[in-house]
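The structure is given below, and queries will be raised subsequently.
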Amino acid sequence: MKKVVTFGEILLRLSPPGYQRFSQANQFDVVYGGGESNVAVSLANYNVPVEFVTRLPENDLGACALMEMRKRAVGTNHIIYGGNRLGIYFLETGAVNRGSKVVYDRANSAMSEIEPGMVDWKTVFQEAQWFHWTGITPAISQGAAAACLEAVKIANAMGLTVSTDLNYRAKLWKHVGDHEEIMTELTSYCDIILGNEEDAEKHFEIQPEGLDVTTQGEAVKADAFLSVCEQMQAKFPRAQKIITTLLGSISASHNS
Amino acid sequence: MKKVVTFGEILLRLSPPGYQRFSQANQFDVVYGGGESNVAVSLANYNVPVEFVTRLPENDLGACALMEMRKRAVGTNHIIYGGNRLGIYFLETGAVNRGSKVVYDRANSAMSEIEPGMVDWKTVFQEAQWFHWTGITPAISQGAAAACLEAVKIANAMGLTVSTDLNYRAKLWKHVGDHEEIMTELTSYCDIILGNEEDAEKHFEIQPEGLDVTTQGEAVKADAFLSVCEQMQAKFPRAQKIITTLLGSISASHNS
Amino acid sequence: MKKVVTFGEILLRLSPPGYQRFSQANQFDVVYGGGESNVAVSLANYNVPVEFVTRLPENDLGACALMEMRKRAVGTNHIIYGGNRLGIYFLETGAVNRGSKVVYDRANSAMSEIEPGMVDWKTVFQEAQWFHWTGITPAISQGAAAACLEAVKIANAMGLTVSTDLNYRAKLWKHVGDHEEIMTELTSYCDIILGNEEDAEKHFEIQPEGLDVTTQGEAVKADAFLSVCEQMQAKFPRAQKIITTLLGSISASHNS
Amino acid sequence: MKKVVTFGEILLRLSPPGYQRFSQANQFDVVYGGGESNVAVSLANYNVPVEFVTRLPENDLGACALMEMRKRAVGTNHIIYGGNRLGIYFLETGAVNRGSKVVYDRANSAMSEIEPGMVDWKTVFQEAQWFHWTGITPAISQGAAAACLEAVKIANAMGLTVSTDLNYRAKLWKHVGDHEEIMTELTSYCDIILGNEEDAEKHFEIQPEGLDVTTQGEAVKADAFLSVCEQMQAKFPRAQKIITTLLGSISASHNS
Amino acid sequence: MKKVVTFGEILLRLSPPGYQRFSQANQFDVVYGGGESNVAVSLANYNVPVEFVTRLPENDLGACALMEMRKRAVGTNHIIYGGNRLGIYFLETGAVNRGSKVVYDRANSAMSEIEPGMVDWKTVFQEAQWFHWTGITPAISQGAAAACLEAVKIANAMGLTVSTDLNYRAKLWKHVGDHEEIMTELTSYCDIILGNEEDAEKHFEIQPEGLDVTTQGEAVKADAFLSVCEQMQAKFPRAQKIITTLLGSISASHNS
Amino acid sequence: MKKVVTFGEILLRLSPPGYQRFSQANQFDVVYGGGESNVAVSLANYNVPVEFVTRLPENDLGACALMEMRKRAVGTNHIIYGGNRLGIYFLETGAVNRGSKVVYDRANSAMSEIEPGMVDWKTVFQEAQWFHWTGITPAISQGAAAACLEAVKIANAMGLTVSTDLNYRAKLWKHVGDHEEIMTELTSYCDIILGNEEDAEKHFEIQPEGLDVTTQGEAVKADAFLSVCEQMQAKFPRAQKIITTLLGSISASHNS
């Protein structure tokens, strides 16, 4: 079986144990992970051969992130090294009347400073049949978006299936200009698109037509869903499958 | 009693518990501190009124650093807020045959982006009689060095005693140009200078004359010490007291 | 903005981690707090200037309680020191079929041995506009009740708003005689009274008239509530506001 | 083999983990123990049948102390119950340049309020051949001293061997009057006395005659030791064995 | 009051803290317990005199299991010693979408190698009035089943009440042949039988007659229940009481 | 660079945290490791390509051991699976006056039940240049010894360098007969032999001739060392290098 390749950032997550607040903790729980690396770990758990591509700093924290991938049987041969730091986020888990809090500290991470040309995608894809990216990666930085574009183009050219999870993250995108343009170009190379109606709206300004969520029935919702799918298919003719979760229900349209 | 003011950076220190290695830890111990804030805490422990000045990010980690100061009875009224992150360093404590490791992640911290004009030193010093800085602060960034110079000049003009702990840190200084020039100007405003022969050499290229550490006796060491002190006094005529630890023994020269 | 002053006891809470039983634990989680100090912390979190008054022992545990207040930005300038111990309670958190357990060990605490004259209330209230106490404080000891009475009288005389949370605690009151008399006098100095129908009944033997909880409708409940409020207003004519939670719903009567 | 009986107090020891200070800890390590109960545990480890007598409060913490004894195979059939609290002490372990700290919170413990007549010593000693007490027990309170005296008298009358470890504790004795008189009477019932020269001096004002520690030789030390032993034997003629550690060396005198 | 005796195995349970997975944990929580020892602990908590019989290895882990029983006031005088290891099981607590996992490692435990003749049941039962065993014990090994049979016969002969909790465990029984025969003989000596319809079916192939769970009413369920009880009573005429939980409701039939 | 292959057992080590005793711990620290796997990890740390061969049970604990190897960049492609359990040992770290304690629970482990023919050594060694085993592996069981013999023969035949660390373990060997014969045959296939004089004596009854440790000088020690080496070389003519640590000093003899 040929490999799946995923591409993204691993962050160090630091969180006070249990329901402690930041101001009460004298220890933080430590986890290394990220959206795309977690997909890679899940595939590896099902014995799918998988390679994770990222950029890690050459320090002990980068090494810990690398070891976590190796431990979980994710291929790490094409990870590249450089930059100054591993991105971090701090998570305080909420309790009864108190929401969770996240403090991001991921600017200037090794991955955010990636540039096209750094990863040798032709070699990466030589033994691969599938490339998966998410909407988080191009949101990290312009360099990450450009590297992602480079990857989808080469993957296309080399005949790999390309999939994306649109995964809109408002906090991240504000740091990168030309958001819609970037996502539209990247998505146009995809064979399979996952997303929900918020992703469609925030990334591409595609809105369900004629939908009134609160008062109308199931039939109308189905119409609205069809409307989003049709607009997506019109915008991304290459996509064979668009898998959308609309208002909590999962639907798929096949571009036969 | 009028206050002592110290000025520097608070870092978040994250370290695996006990003698665990980074790659073995799933928790990190959490401590907020720094050279100048630790001096402030020590003074507060002896009931000396003390004010700590720094720049903290307006997030939960900045708030934790602030709370640590308040808890220890250090004045925090003149701390300024802004920037994006609290500086971090990771510490792995060494065991029998294994050295300790430090991974710095302090670039782009709130304090490293401080600039002259941000702190209202005239107000800070209004109820103060003493200003203390260390060689770590100007090494953080050119902005921090400039803010420190601003502080010593105003402290001088307002009649405060100014002291410094030269505290040479090779790793930090490489990020800031004009090292010797900066330290020489800053030190020239000091009434009291603490340091050892390494500080004198690395900051000011002052070397003990005629010292041969391994073979010569106590008398020769004393001569070498005198030589360093004399060179320091010649370079910094303002200083009333130069307290030097030479080869493990502490000595003080008074500029009567 | 002038300050709010709260008055009460800080206890050391010791509890087995998670759902461990006392007999299974070889560690206890440590928290310093109390009803009135928690109110002070909440106000400080909203940037309301607040001063907490209590009596702490001059030992390391008293110092920890003090540091917790300082850390949270609660004023501690009027805390007084003396006595032999910090009050303690042990809390075992219940699990599915097992209730929580509390073991009190607060007798002979520094705060329980407070006496009128120890706190210089005139100085405390000089920059204050509001004094808040709860029904827990007079229940600690006769001395604490007398000190509380001293405080409300001076607060009244100096024109502060006085509020109370009646907060009936059966376990505590059995140690102090003349319960109703004490609470009646203390409450008579209050401008704002918070409490529920249990507080009204246990402190003042005020019962909702004509209430039959199980069978009767909302209208009857409202009548009953009115009845409690009217009795409270008759008993405490000074109070401008009586805020009562009756049978789970919150209501307020204004003494216009 | 008939039993050994020891008599004393079990305290709850609470200490910050590792080298944390009280003000840094959000957990305390929990240990239940005491001088005389530790002797009982040691004997039980060597399969000596042993019974520990104390007074415990009837709450969950008293139960934990009881369980610790049972777990270690120490007999608990003659422990009596009553009083309000288990005595506590807080221990902060010192590090390099910082001494350990102890905060005692043992006043008003169940054991400190023991009185003669509470323990049925005749039943306790029925199957015993040895009674051991230490100088800590009479120092707890006058009641504890009186109960100890009651015990040694009955033990004597019933033919048990009575031993004591004099174990002078300055902090405790200041709470109990007539110190020398109490200890002299208690010790006069002992067959075996353990102690060092500090115990002899602080309890009985017995000083080594003609000793000059810093300048004199081993022979003189031996003389001094003999002098202490002779004075002890003269004072306590009943004692068959006086085991003294003098200046670090252990010696024993037999009253043949 | 004469004693209750229970007989079974204590296992060491090792589980990752909280909701950690095995592969995330660098610590395991430690608990010593088992079905029959837990019954003994519960009885001891209600001050019922109780003796627990098992076989423990003579190593530190066997000693820990013993201490846990002693701590909880369970009699341990008739525990026997030998064999090589304490049985272990590893438990990973499930979270939201993930089931709990158990890894058994109990083969070749000291208790699994018990044989008839090892326990001196006549002495054990001398001061006892009740013997309780469960369906787990004979499932451990043929030796354990034979020792259990030996026990119920002697208990019968000496006039003790014998009770059992049938407690079918599929995973365990596959290691022991002649399952139904063994359980039938053991149960035939019982005065009181606890179990549910699964136990009746799996141990004795007794099925509720005429039961159709999904569609029929309460009356039919009662008939089915009666049918199970009647079959059980027919099979085990000695039993005075058969307590069955059928389909979630508890019922008891008395053999008057 | 061709690979190094090591062969041995990974155990689960469970130890009370810090200096806690088994009987005080309610958590155990968890580490997966063993002599030969630790050698593999060290080589991997120096970027030497290395493959570790063992037999692991197909359960979650076997998976954890596997993940630890993968994490550390040790090749795991030739690990075989089967058997029932991962071997365990319990370690209590000693403190001041108390030695460390080890409780082994490794009987019937997956590795102890390995047999010749299970590992496909020809494939394992295809890309390897070096095979390393230790005296621990043949001591585990007769099957492990036979599998080790199979490995050294094939390694020899395929031209790999074979090395051993003799590593005598008294506790283990008593379970395997024909100890000297097994070790002699295994060692006869080795190119490089590491060991000390105890290994030489316990494995092969080779003793330093004419050595009197306490009274004789360095020259005599050197003679004794030569004597051991000469006897080893005579017994194992194939060995090119015998590296011996004698009485604390390391020496090597080359069989040129």
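In order of appearance the chains are A, B, C, D, E and F, and numbering begins at 1 in each one.
We adopt the following convention: a residue touches a chain if its C-beta (ideal position, glycine included) is under 8 Å from a C-beta of that chain, and two chains touch if they have at least 3 such contacts.
Here the structure is a predicted model, which means the values were calculated and not measured.
> Would you mind telling me which chain pair, C-F or A-B, is linked by more contacting C-beta pairs?
If we tally the contacting C-beta pairs, A-B comes out ahead.
> Do subunit A and subunit F face each other with the same patch, meaning over half of the contact numbers show up on both, or with different patches?
Copies use mostly the same positions to touch.
> Taking each chain's centre as the mean position of its Cα atoms, how many Å separate subunit B from subunit C?
45
> Using Cα averages as centroids, what's the distance between subunit A and subunit D in whole Å?
67
> For subunit B and subunit F, let me know how many angstrom lie between their CA-based centres, rounded off.
51
> Check each residue of subunit F and list the ones that touch at least two other chains.
Those would be 18, 23, 25-26, 67, 71.
> Contact residues on subunit A for subunit D in the complex?
Its residues touching subunit D are 24-26.
> Could you please specify the touching residues of subunit C with respect to subunit B in the complex?
67-68, 70-73
> Residue numbers of subunit A touching subunit B in their complex, please.
Touch residues, subunit A against subunit B: 14, 17, 22-23, 25-31, 59-61, 63-64, 67, 84-86, 88, 90, 92, 101, 103, 105, 107-108.
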